[in-house]
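For reference, the structure I am asking about is given below.
Chain naming follows the written order as A, B and C, and within any one chain the residues start at number 1.
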Amino acid sequence: MIHKFKVKTAASNEMAEITREVQGIAREAGFEDGICHVFVPHTTCGLAINENADPDVKRDIIAKLDDAISEDFDYRHGEGNSPAHIKSALVGSSLAVFVEEGALQLGTWQGLYLCEYDGPREREVWVKLMKG
Amino acid sequence: MIHKFKVKTAASNEMAEITREVQGIAREAGFEDGICHVFVPHTTCGLAINENADPDVKRDIIAKLDDAISEDFDYRHGEGNSPAHIKSALVGSSLAVFVEEGALQLGTWQGLYLCEYDGPREREVWVKLMKG
Amino acid sequence: MIHKFKVKTAASNEMAEITREVQGIAREAGFEDGICHVFVPHTTCGLAINENADPDVKRDIIAKLDDAISEDFDYRHGEGNSPAHIKSALVGSSLAVFVEEGALQLGTWQGLYLCEYDGPREREVWVKLMKG
């Protein structure tokens, strides 16, 4: 079974936290122990784990990725969103988070993020729970 | 059990689609539901999920990665393929894809790719199926 | 159950091999077949698979990442370690390695590495074993 939820992003590039939504799915399913796999069925956004405290970290990740994978390049893809596809390949489309006693096991400063590179859009996030 | 197949790449840098091969392994194994893990036992190629429609997307990913991780740098590794190792660390060596009713669950535009960074070569791809 | 061990890094940026430690955990647990998931609960270090032979490969990965995600940028995060957060998002915080007959299944040249981007520090590595 795959659990799905939607995320509306508000900018062309954005890191939208989804920790609470993913934790909620595990809790509602009564999932106690194992791996919580998260996946996005898109090629111009991705998933990452990063700091959940200072919002400037998200801003810096987005800004530096924009700088490293700049729009100013001889791209051929006609839709004009090649940087988004490249960021998606680099950052990745999936996460695997440990679960114990029903709780996602994350470090103190870690949150789960949907990384939008070609928004604003409505995105889908898929979750699959694998018992340990 | 690990299922293995080979991919012959034709260029120094290339994205070779392997969706059909991976789906075929799951089908032949009668695998219905769970996670399909994919892995490459190499340090100068990788695995990524990206667009399967316009081939220009693959071309742009390869070209921009070449630009960002350029050969023009003070590398010390004697084999001259340091950019390939770096791309491998960035893009990653494994994928985890959801399977339901025997079918890989991917977005409309998603395909699985072996990313060659130091070809042409014959590469191995490993698949392990974990029941849900 | 999550198995945990610590790694002391010695430099600001470093790739510390952890293959033996992870293999040791699988062996002590009597784990025969499945997936060995590895995770770091930190946002300024990561995990990667790469070459275990020539140490210059590690040096080149670190040096080129430093060059591509340079400190010389208009970052806002006050702690001054934004490049470490960005490398963490790019390289990733987890690995999934196949296990058969009690042995991690890796290519000849592959090793598992904790990638330090903001050291020296003491880091934790978490391992969860999922039966096949």
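Couple of notes before you dig in:
The definition used in the following text is that contacts are C-beta pairs under 8 Å (C-beta built on N, C-alpha and C of every residue); 3 or more make two chains touch, one makes a residue touch a chain.
The structure presented is a predicted model; accordingly, all values stated were derived computationally and were not measured.
Although subunit B and subunit C carry the same sequence, what matters here is overlap: shared residue numbers make up under half of all numbers found at their interface.
In the CA-based superposition of subunit A onto subunit C, the rotation angle is 120 degrees, rounded to steps of 5. Distance between chain centres (mean CA atoms), subunit B to subunit C: 20 Å.
Touching of two or more other chains is recorded for residues 68, 90, 92, 96, 130 of subunit C.
Residues 33-35, 48-51, 54, 56-57, 59-61, 63-65, 67-68, 90-92, 95-98, 100, 105-110, 115, 130, 132 of subunit A are the ones touching subunit C in the complex. If you check the complex, the residues on subunit B that touch subunit C are 1-2, 37, 39-43, 68-69, 73-79, 82-83, 85-86, 88-90, 92-94, 96, 126, 128, 130.
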